[in-house]
Structures are given as structure tokens and as C-alpha cells.
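Provided herewith is a single structure, encoded as C-alpha cells, for subsequent inquiry.
Chain nomenclature is as follows: A, B, C and D, assigned in order of appearance, with residue numbering initiated at 1 for each chain independently.
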Amino acid sequence: MKLRRESHPLVVVGAGPAGLCAALEAAEAGLPPLVLDEGSRGGGQLVKQIHRFFGSREHGAGKRGFQIAEELVSGCLGKGVEIRLGHKVLGFFPDGRLLVDGDEGVFVLQPGATILATGAVEKSFPFPGWTLPGVMGAGAAQTLVNQHRVMPGKRALMVGAGNVGLIVAYQLLQAGVEVAGVIEVNRAVGGYAVHAGRLRREGVPILLRHRLRAAEGKKEVESVLVEDMERGTWKRFSVDTLCLAVGMAPQAELAAMRGCRLVYLSELGGFLPWHDRAMRTDRPGVYVAGDLAGVEEASVAMDEGRLAGLAAALDAGVLDPGEAAERMEEVMDRLELLRGGPFGEPRRKAKERLCSMTGLVTGGAGRKAGIRGRTGRR
Amino acid sequence: MPEVMSSEVVVIGGGVIGAAIAYYLCREGAEVMIVEEDDLASGASGACDGFVSLQTKAPGPHLRLAMESAQLFPELAEDLDVDIEYRRCGGLLLATSQEQMKELRGRAKALKAEGLEVEILAAGDVKDFLPEVGKEVKGGSYCPLDARVNPISLTLGLAKKAQEMGATILRGCKVENIVVTNNRVREVHTTAGSIHSRRVVCAAGVGSNQIGKMIIVDVPVLPQRGQILVTESREPVLKTLVAGAEYLGTKANIQALMPADAESAKLGLGFTAEQTASGNLLLGSTREFVGFDNQTTPEAMNAIARNALRYLPWVEDMDVIRSFAGLRPCSPDGLPILGTIKGIRGFYLATGHSGDGICLAPVTGVTISELVLDGETSLDIAPFSLYRFK
Amino acid sequence: MKKGKGCEGKAPGMRVRGHPVLGEPPGGREITVFLDGKPLPAREGEPLAAALFASGIRVAHYAAEGREPRGPFCMIGRCTECRMVLEGKGMVLTCLTPAEEGMRLHTPGRRGKP
Amino acid sequence: MGSEVTDETNGWQEAWEAAENGAVAVMDCHEEIPCNPCQEACPNGAIRVEPHVCALPRLDPGACNGCGRCVALCPGMAVFLLDRRERNGFARVTVPYEMGGKPVEGDVVQVVDGEGKALTEGKILKVRAWGGEAPTLLLTVRVPEEVALKVRGVRYRLIELDEGLEVENAPPLLDYPICRCEDVSLQNVRETLRSGVRSLLTLRRATRVGLGYCQGLFCQSSLREELAAAAGREAWKMGSFRVRPPVRPVKLGRLGGENA
């Protein structure tokens, strides 16, 4: 009995905002892809987001995350994109093949081209008591309350006052979980002031210059020890849940396995596959988008997905180069604007540094070169 | 400028063979330097199973070498500071057809004639050793002296002890050239500098061919890929080593024991299973000549899993958490290449162990240290000479 | 200092009710699963880990020879800390395994137990 | 009241004046975030986010009819309505609300400032819902005019701030696992590093870190940092574990399953 084989001209790994937008764009260009996702719902992390989104109309701004997810999924289905949920990609081999575990069994998938949109994973760090049940990622708590509609505990302390920490703390309150506070080692809130403001007006203190020291408890978390870094004193919070919101890192295992060159950029979450402005990696036929290509906002993920979809369609020869260039320019301009402002600036610079790393790909990494790409040289 | 060093003996290769040679040389008071291109156990020794299997050796010199080696393990386990997880757990060789059974019976007879304890098991008897076996299993042979060891711990333990006895280990140090003058080895040029030495041992595994070229000797060692699946950790479920008869077939090139279907034959598929001290099952394996590619492949992962289910259907609900591949330094006949080189004094070969490196490391260490220091060995190594191929 | 209400013993009742944005949860069929032999309410199709949280159960398995309780950390199948034994299936990640009527879960690694 | 108006660029002064004639939006948006749904929300084109998506919104109070769509759709919940029509020392403030309590008209609530401190008690005059299938509530409360611009929200109950319980002496920090799957303690890792180990791979071989179920995902970055500290180098230069398939655990029965 042989391993079942399947092939598809374009495979997208990950049905989050980046993957779905890539699929939409490629489908519109005449290359409807096969999208794989290990989750049970399309939309990636959007499905657990219940706040209204920033960005512009093109990103569904003003709508709630799960609503955007639904729209993207139905948009894809309407364009003939096949989305297979509950499909785990077990490996992305150097010869370009994927090993996939889905309801049809484990099989080998031979893609013409592959867009990786595998997203990011929450960072964590070890500390005394971090293995106690009740200590979890902020995203895990968010998944529980918003997607599964279950509280992780009755009273929580949040670590990290970036956007994720602030938003999840607010959403825990919405679900009926008490939030004792948000602690942050830095001198300032890292996330948007509006998110901090929403939380403060609910009476949740944001304690700056406070460091997490330990989670305590016998069988589960019963309390958390925190150091006041200014006063050098220690406090004990009586909580049963400790959420960590200390950043996200690109999930680059598949890209690494494929042999994509990884670069380290702390502003974008750590190790990520090198890519040009059109989201091409240094491996022919392999594209990246979204948090995998650097942890940023969902709006950026969507536009990067569109670029990857366009580049894949262009390189596959189904999209007219002139039309592709025009569409890409438009998306690139928008991306430029999304990365404007004080929050986007460090990421914009990091992306610029990334794209200017030359000598990796023939065809250069400049913007125009990026658009021209490998047309006709498949 | 790189510094100039010197050493009584230079051992090229920090795998289990190099480490064992260094260890036994140090025990005799020699001054030893291990030159390792990458890190200790970074080649085949760090990407293999822990079989110390006797009944899979060819009756004759190969078996005698292995039996000698097996006797050295308990003492090593005692002497090394690292727990090498040595257990004389016994080994099963399972047959899935009457033809295979017949072949195993014949082999058992030959092995017994050489003094190895081997027992032929009927299908019903196999159940004494395993919770459950697949329907295809027709019986097998059992060798109580078969054992398992942690190959990485063994390598690291040998190297550590050698170091304590004065050996120097140069990691990340690549040999670039070997200088021979007046038919004698004089110097080893490395990326870390030159080493003056009149005795050089090549224990470079799959890199041996490259080393041989430096002294214009063809060392016929080719990398042979073996892939292995690792499962989640479980409470002890596998008391013994388990191998399928096809493992022996592909290993020793025995026609009667070759895998039946073409795909398995192409992969050189042979079943092996063992449970490590940490509780993981290691399931193998393949024999493929694909150059230096040590990636695992979808076909082999599937084939190994499928094969495992044939023999041990109860592994069905176990999670595979990792796979890895090692490159066995393979000689044309699957036996090690041990001994000196004609016309060049001070150069010794200890390579080509072809997947038996772990098992044969102690005896290789003892024998090569004797050869290097005394010029003669207590065990006849003539059958393992490089010149048997000519 | 105010003592947190929820810190001493979590009784069942951890389901989110009357959510201001999401409203009442979609009603999955009420089913029963078993944890170490004891019945536990669950909603059909929700991840087993969610059903356990709903009953205030956060220990999935024991590590370090039974000394250390562990529980779900990432809820998206990466940390593998939510793993438990599901009868007939072996070890599963409970954060990704949908609940079905009559499933029997076991807490692995607890000292003194198999 | 003019002295309370701190951000004239956002048109607060004009809004304050325009509110005499009816409800008008006040934009409490002070950071350049890539965001413009308020502009999209306004049916009268009274809000402009220009020249680009990161610019601060500008409101033309004359064109604002106080419909409240922008209040409901602002992702930052940073817009409120001010209505000073009563001209009797009281103003009506409309804030977005997405918390529990199921507000209905007539409820008496705490009206709070941006720090969550109670400004006054107030009665909810009006409850509206706006913004699609999962709408945002717009709650209108009546408050004394002098606090009107400080109002940021309403709450059904105030909770005491939990400042934690002061701990007399910092307790000793105990050892803990750095690799959760294989239960390798931090001390074990540090001792191994002290023995001269300088690579992730060797560390793994010596201690079994990263060999468990999660494939080293959770401990890898912490291990890099420990290595970096020992080697005096940057963490990212310490390498990575090689990725070996399967990147997710898979049952042997599935991996070896015979599929059609």
C-alpha cells in the first residue's frame, strides 16, 4: 500500500487573515488554491477576537475579528477556494512536498507553489511556578472565553501591557472573570492608549515597573508574587489564573524545514523567513505572509497575504505582469501607510532592513525587482 | 597564525569509535588528541538506535568481534561516570513467513556453533516477551545476550573519561591535510592549526573516504541513510529489542530475508524497535544510499510506521513526536575496516562499521589501541583489513 | 486587601453567561464524558479541555514522576500540556479533541496510578 | 469649561460649543494608529482622517448630527457624544458600552473618569445599539456640566483596587523546570553550561531539553538565553534545534495507515 499522493498548483498553509487573503487574491487572479488549516474554523486567530478592528475598510476595520473571519471564509468559498480544516501539516520537505494529516488520512501533497501563513505562537518564559495549572498564555485565556465560552478561572492577573495583554484583560472582564491587574516591567504601557483607557475605566490597575516573580500554589495557581521594581518591595496577589502576554514569535518551523533562510529581527518577533517585498522567500515557489513574516497587526497580515497571492499568481504565469504590478503597488502603498505612526515605525524599519538584505535571491530585493520577480522563469 | 600542537596519537572523529579508541588509548597511558569536525556524537553515533545485538551478526569473525565487544560493556558501564543505560535486555528477531523461519533456524544453528546462546521461538512463545504481536508473525529467535545502550551517553561518557585521563578534544576542528614523509605520518593540518603526530587513527565514519584521499588511499566507505521514528514516552512496554527478519536481510544482504514488496526493498526497510530509558520507542529503519542527505522522508516515515504496525499492532495509538536519520559509514561487505595501511606507517583505520558502530565500539577501541601502541592485536583482525576488498 | 472570590475551590459553573457582545453560547447538545471514571457534563463538539475548564478542572496530567500537576497553556495544540489519555485513542491533546458522548478520559502520570 | 479642553487639534473646543445645540461627537483619540473606521462611519462626512490612515481624526462639529455611529464603531472606544441642550448646568454624555449588566433605561450607574474613578452617579436616559450583528451599546447619561468632559464610561459596580498584599521578605526562589516536557530543571541546565557546553545540540544531548512532546518549542528561546549568558554572546546567535517532522504529534496508526 503506498502513501496517497495529491498535487495542487497552489497550496496555502494556514487559514488566518494572511492565508485567506492570499487565497482570495490568487483565486481572483485565476489560481484558486487549496488552503489547509489545523483548526476547526477558518479565520485563524480572528475567530477569538471579539473587539472591533483597527485599520481601514480593506481590512474590515470597525468590525469584530470573528466577523471578519466569517467574511473572509465566505469570500474564499465564493471564489472557488477549497479550505480543508482539521488538516495538520506534519512536514514541509526540502524537495517541496508537504506531509499532511487530515480526515482523509496522512498523505503527501505536491504543491506547484506554497504560501506559508502559519502565524505566530505566544512567547512564554520560565519562572518559579510557571508549570502550575492556571498559568497560561493570554491567547489561551482568550480562546477559552471567546471561542469556547468558558472561564479559565475566577480571578486573573495579566502580565504584559502590550495590546494583547490589554485587550485580553478587557475581554476576560467581559466574560465575567475578575482581573486583579495588569503588570508591566516597562515604564510605559506598550499597547495603544485607547486599550489601556478602556481597561482603566473599568477599574483595572495597570502597574508599571512591576515584575512577575512567581506563581504559587499546591495543585493550581493560588497566588502570584510580584516585585515592585521602583520600591524594591514584593506583593502577593490572590488570583487563580495568571496570563502571560509577553509577545508573539513567528511559527517558522515549516519554513525552516523547507530550507528557507531565517533571519532574526526582534522588532518582528524573532526568527522569520527572509522574504522580498512581494513575500517571496529564498526558496523558489515558497511565499510567506502574515505573522510568520513578522508579527504585526491583522490588517498588515491581510495585505501581506494579498501580496503573496499576487506574487504566486504572477510567478505561475496566470496573472498579467502589468496588472500584477499595479495591484501590488496599491497594496504596498497601503502597507507603507499601515506601518506609519509611532507604533508602526520600528516594524517598518525592520521590514526595510529585511528586504534590503541582498545576495539572497537572484533578481534582487528592490521594490521594482520584487515586483518583476521570476516571471517566466519558473 | 594557528598554533602548532603535538600529540602522541591523533584520533580523527569524535563519534563512538573515536571516543572508544581515545578512551582505551588513555587507559594505557597514551597522549591522545581527538579532532572532531562538528561535535561529539554529531554523526551516526548521535542518530541511531541503541542496539547491542549479537544474533544479527554474521557467524564467523564478525560475530566473534561482537561477542568480545559485548563482554566489555558491563565493565564500561561501571567505569564511565555517565549512565550509559546499558541493559542486557535480550533481543527478538521475528519472522513473518515460514521461509524466514527456516532461514532463522539455519542461522541460529550457525550462531550456536560459535558459542552464542540463541533460542528458536514458535509463534506462541513470542508472546512471552511481547504483550501482543501481529498476526503475520510466525515465530522468531531470541538471544538473551542482546543488550541496549544509550549511544549518545556512551559516546559522551567515553570522551569525558578519556578527557579526564588527559585526552584533548578539539571540537569544530576540521582536518585539512595529513602530511606523510618517508612513508610515515608526521603531521595533521587542521582548521585549528597543525598537530605533530606520528600516529593517526581515522575514525571519521562517513568522512573516512575524504580522509583517505589525503594520503591517497581509497577507503570504500559510503554513507547509508537509516531513518528512525521516535514516539512519545510510555511506561515500560518493550522489555527486549525487537527486529524483523527483513532487518537482517537488508543488513546482511540475505536474499531469503529481503522485504517482499518493491517499495520496501527500495527503502531497505527492516523493522527494529526498542524502548529507551526515557520511555520513548525508537522504531526503524531504512538502508538507503542517497549521499550525505540526512533528511527523513514521507515515504520512509509512512513505511516505518506501517511496518511497526505489522509487528506490534498495539503501537497504533502511540504518538510519533519526531523522526531522525543517521548516515551509517557503510563498507562494501558491511563489516568494519580495521588495521594499518600498506606503505604508510602510523596510519590506522577504524571505520566502516556499517551500523554496528555502537555494538563494536568497545572492541574496536581495545583492538586499535593495542595496534597503535604495540603493533599487534590479541584478536585477529585480518578479516577486517582494507585489502580484503582488493 | 480584598480576597479574590474565586480562589478557594472552583465549583462547576465556569461557563460564560450573558456575554455583552456574544450573547448566550450556541447550544451544543449536553453530553456526558467521564474523567477518571466520574461523569462530567460537556457540550458536544467543544474541545475536551474546555469541558474540563467548565467544571473548574485544570489539571490535565502529572509530570515529574507524578509530583507536578500540569494544565493547558496554549489552547491551540502547541504546548502539549493539555495531553490526557482518551480510552481507545491513547494520548490526545484535549484542547483540540472535540467532546463526544461517553468519552472516557484519564489523568496520566498521577502518582500511584498507572 | 474651556480650560478643561486640552486637545484643540481634535476639535474639543468647537465640539463643546456646538454641543449647546445638540449632541456632537468628541474624539478622544491622541495616538497615530493606522485606523479610520470613524471616517467611514460618519454619514455626513464630518470626520476626516487625513492625509493618511495614521493621522488623527478631525471632526467638523458643524457637520456632525450626533448620530453616534462613530461612537459605536470606534475600535478604541475613544469617541463619545456631548449634548448641552438642556442649558441648566447639566449635560448628556453618550458613551460606548460592552460590559455586562444588560443596561436598560432608568438604571442608576456610576459614571467614571478615565482612571475608573467615580465622578457621579447618573441615570441612564437612553440605551441604543449600533454596529451590526454584535452591536455596541450607546448609553446616554445626564451629568453635571462641569464633569461632562471627564466622563469616559459607566459602571454598574465599583471594585476596590487590588494593590496586592505586601510581602515582608522576598521568599527564596526555588528551582523550576526550564523544559516542561522532559522536566529538565534550570539548575540542571546551568550546571551543564558550567561544564563547558556551548551549543543547543550538546545541551540537548546532555540534559534531554527539547526532546519531548512539544519539540522544544517552549524551551528553545529560554535555552538560547541561558546559553548566551554563559557564552557572553547574543541569544539569537546561539542557533536553533533542527526541525524534524512530524512538527505535530501524529498517531502511528495514522502515519502508517493505509489510505485509499
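Here is the rule we go by: a residue touches a chain if its C-beta (ideal position, glycine included) is under 8 Å from a C-beta of that chain, and two chains touch if they have at least 3 such contacts.
Quick caveat: nothing in here was measured; it's all calculated off a predicted structure.
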Two chains joined by the most C-beta pairs in contact, as defined above: A-D
Chain centre separation (chain A, chain D; CA means) in Å: 17
Separation of mean Cα positions, chain D and chain C [Å, integer]: 27
Chain A and chain B, separation of their C-alpha mean positions in angstrom: 44
Contacts with 2+ other chains: residues of chain A: 1, 3, 38, 50, 64, 91, 93, 99, 106, 121, 124, 131, 174, 176, 178, 180, 238
In chain C, residues with contacts to at least two other chains: 1, 4, 19-22, 63, 68, 70, 73, 77-78, 89-91
Residue list for chain D, restricted to those that touch at least two other chains: 98-100, 134, 159, 162-165, 177, 180, 212-213, 215, 217-218, 245-246, 248-251, 255, 257-258
Chain contact topology (line, ring, star, complete or other): complete
For the chain D and chain B complex, residues of the former touching the latter: 182, 199, 201-202, 205-206, 208, 211-213, 215, 244-246, 249-253, 255-258
Interface residues, chain C side, partner chain D - complex: 1-2, 4, 18-23, 63-64, 68, 70, 73, 77-81, 83, 89-91, 93
Chain C - residues contacting chain A, complex: 1, 3-7, 10, 14-17, 19-22, 25, 46-47, 50, 53-54, 58-60, 63, 68-78, 96, 98
Contact set on chain B toward chain A in their complex: 263, 295, 297-299, 301-302, 306
Contact set on chain D toward chain C in their complex: 97-102, 134, 137, 159-160, 162-165, 177, 180-181, 183, 212-214, 217-218, 248-249, 251
